[in-house]
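The following pair of complexes shares a single chain, chain A, combined with chain B in the former and chain C in the latter.
Now for the complex of A and B:
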């Protein structure tokens, strides 16, 4: 019997930078470093139609559900606290109060269980989980969510931002338009826009197209979309002289913003010499975006990688995975320094675990 | 963090409140202290001091003068000083929210509690 058999490394990760509270437990094989998802539990704070989620209410939601979600994660994984190597939490970026509410609980767990803490960058969490699940070797990453829109490529131990949204994230544009249309936020506003868009396609309404070099801008498009929504409600006509519907608006908005994302992603691919794209973040669940990106990548002789909603929507397992990768290189966060920050650039992280 | 009791401070932050929260033992009071003191107060017009102290009144079934081991500093003491009553109220309410979370986590997820609840679930863990 091999009594020197190395133990697998296990981490618990806590995520709450927006309206999703996620706690996950991951294991890394001691020999192959292969990651295994032991549990991935999430609870989403959904606000009523026509509203968005505010920091105070979101933090309250996370505090109310933390214990429940944590217990479920431990039970699903069948893991005892003593077996954990570290407790990982989202340091940032994101909304202040929600981030801090989760950090307070994570600190308490670390102190009760005698474990070290690892503060994780939310964007790096998405990237590392996308890489792990899809096996994409060295893709250009499009990170698109309600809070972030970045085109990222790895170089010399940093995730470099090649292009980004200059004002609001593409997901924010979609979420706020969902409020204008007063469609449901359950399970997510973007999901409901996607379903409505599938019923459109008869007419492409005229919206601004705002790519600026490697970057893009969405607030002007949102303003124009809101104006068109008001025209629609007043029974006005579209460019072809016919009335138009919510579905037409959703279709037109998606086609416009997704084409912009494909353009800036392609620009980065040309710059870097890559033909692989990895899409991460909540907006990455969108099948139309995946389809449009796939068409562009295929033209370049490449392909698109995407994960399903378990991993592209904010979750705790990505925090556990990225945190454990860092912890294994000797990184940790002292308790006294385990604060949160609303602004945390993706390239601030030293990616020591990659060459 | 040293408490500043100069008259200048008292004049600038006239609204004050001190809370003493008893914990079952020193370990848990210390966990609460360390978890809660990391985050700074958001407003410069609010000062907060967090310490652990001895219970001011011993529990009734203990001899006066005899302190039970593990009970020495089992009380979490918070002192708030703010420029206005409104700021004091906001800061203290927020503190209570965080404190309630810390206490719930202790109650439900401390090491011995979690293992116990796994067993009650009927051996579901592998």
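Now for the complex of A and C:
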């Protein structure tokens, strides 16, 4: 048969919108369109405890590691540059300097190897990769990371944003609290909060719960948590005279912010009439969040879909996959238009590859 | 969709387990609560019983605190709105600890459903030529009534907290208003007719800050755009009618600009 001779399509994706530099290679089957991950390499810029990652240092990190990570991705995949169909890169949203340094590198590869470029929306990358890995066909998506908190559902060729954080992102709230406590950023501040929270739970400290419809806000909670941390460091007690530890603070913070996230997701599910939920983004690795979401979905007769750190945390493979989906519909980004943008809304992307 | 009744397999709140002449009927499993239709005092007086079962995913202390606070807030605000002439169902009874609130039954369907009937099943193309849309007056009128209802609400110092087209009902006008028009057009016209009644005040607060009112509008604006993308451009009529209905609207709309910018900026930075 002729179809067996049809070549699989292969894309290389470059991601660097925050402190992870990721390069991945994906193949789409010519007949079934089934995606296969050929390689997925990541190198993370970790800043010292008590500090966040700054754009300048992060961009420097990405420039320093790009060639190494790219070579590794090609080697792991066993793919020669000539076999690639296109080079995909993150157009945004994200931090300007790191985005730009990776875009420059992606352009260089495209020129070097004579390939088309495909600019990808980071959030759409997360969603498409989550759908591909979990098989969730048309879920409500909770996208939670250091820079984003969104409740999304697909309708009429766009990923529509139903709810979002009105101020800081949930991941940012957790990261900043980790800084307050001066705990390690390795492998990720949120991960270390999760581990500490597992040791807490004797008390639930009262933190402001701020849900407005399908939106929510986290800055008031962070302020209160920071205040309580200061009280703790000074050897003080909680509002009800209770003693509490770092672990209790992390526990209370997680219980409160995750309850908010599950609530706004549930509201969106009721609103659009869906009982599937997909969690993507770095905070989506959190097992407590997955557990809470699972309990909610089960009560609605549905289920939760989540991926592990390989796909949840920023990576190049999701950019390769979403980029290839767009490329297959005829989309490409001309060299002279291959810019980056710090702000790039999920609902700006015309999702031509879905019905 | 949330409108057809899911199979009744949930445990009933205790109040609905007592013998009654009208068996409770599960109307909707909403975002948080379950809504039952039953009767109050006499068997000819229908009522809505909203039950907030405890959520197993939440920490029990947080869960109890939220459930109780929301039932109380909802009752308090409904009561206030009723007295001030805002179109909402009247409260009949409540048990905050038990997690339920009993209120006036509102006939009709959620506004979301009415709008969707009006918009119908058109090809899912982003570029529907506007000329094809014949006469939009009935839908625009509905937008105006929504703006009026929200204006009346804000006038009384109440913030809804969850304004969506699912949280407004369309109570049909007596006799219907599609006289003379028959067939599909009449049906569509009827679908967006009726009084707008605001429901679901579980997240309501009382506030006179423009900021809070602006966030209320922002929540509605975004819910509207994502739920009815094809009618998004008509949302301006909601804001227009809001301005007519509420004296202090201009400063709220001004704040709304800030809220829009903030939402768009902050949530998008890496």
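By our rule, the second predicted complex is superposed on the first by the 349 of 355 C-alpha atoms of A that agree within 3 Å, B and C clash if a C-alpha of one lies under 4 Å from a C-alpha of the other, contacts with A are read in each partner's own complex, and residues count from 1 in each chain.
As a working rule, contacts are C-beta pairs under 8 Å (C-beta built on N, C-alpha and C of every residue); 3 or more make two chains touch, one makes a residue touch a chain.
Predicted model only: the values in this text are computed from it and were never measured.
Asker: Using the superposition on chain A, tell me whether chain B and chain C clash or fit.
Answerer: By the criteria stated at the top, chain C and chain B fit after superposition, with no clash.
Asker: So, A:104: does it touch chain B (first), chain C (second), both, or neither?
Answerer: First partner only.
Asker: Once chain A of both complexes is superposed, is A:137 in touch with chain B (first), chain C (second), both, or neither?
Answerer: A:137: touches no partner chain.
Asker: Looking at A:296 after the superposition, I want to know if it touches chain B, chain C, both of them or none. Which is it: first, second, both, neither?
Answerer: Only chain C; A:296 stays clear of chain B.
Asker: For A:74 in the superposed arrangement: first (chain B), second (chain C), both or neither?
Answerer: Touch status of A:74: first partner only.
Asker: Taking the superposition on A as described, I'd like to know which of chain B and chain C A:66 touches: first, second, both or neither.
Answerer: Touch status of A:66: first partner only.
Asker: To make sure I follow: the centres are taken over C-alpha atoms, the vertex is chain A, the ends are chain B and chain C. What is that angle to the nearest 10 degrees?
Answerer: Angle at the centre of chain A: 130 degrees.
Asker: What is the contact status of A:230 with respect to chain B (first) and chain C (second): first, second, both, or neither?
Answerer: neither
Asker: Who contacts more of chain A, chain B or chain C?
Answerer: C
Asker: Enter the shortest inter-chain Cα distance between chain B and chain C once the structures share a common frame, rounded to whole Å.
Answerer: 18
Asker: Which chain A residues qualify as touching chain C in the complex?
Answerer: Chain A residues touching chain C: 17-18, 92-95, 98-99, 122, 146-150, 153, 155-158, 160-169, 204, 209, 211-215, 255-256, 259, 262-263, 266-267, 270-273, 291-293, 295-296, 299-301, 342-345, 347, 350, 355.
Asker: Would you pull the chain C residues touching chain A in the complex into a rising list?
Answerer: Interface residues on the chain C side: 1-2, 6, 29-32, 55-59, 61-62, 66, 112, 124, 126, 161-164, 166, 203, 215-216, 218-219, 222-223, 225-227, 229-230, 259, 262-270.
Asker: Give the list of chain B residues in touch with chain A in this complex.
Answerer: 30-32, 34-36, 38-40, 97-98, 100-102, 104-106, 108-111, 114-115, 117-118, 121, 124-126
Asker: State the interface residues of chain A toward chain B in the complex, per the touch definition above.
Answerer: 59-60, 63, 66-67, 70-71, 74-75, 78-82, 100-101, 103-105, 107-109, 111-113, 335-339
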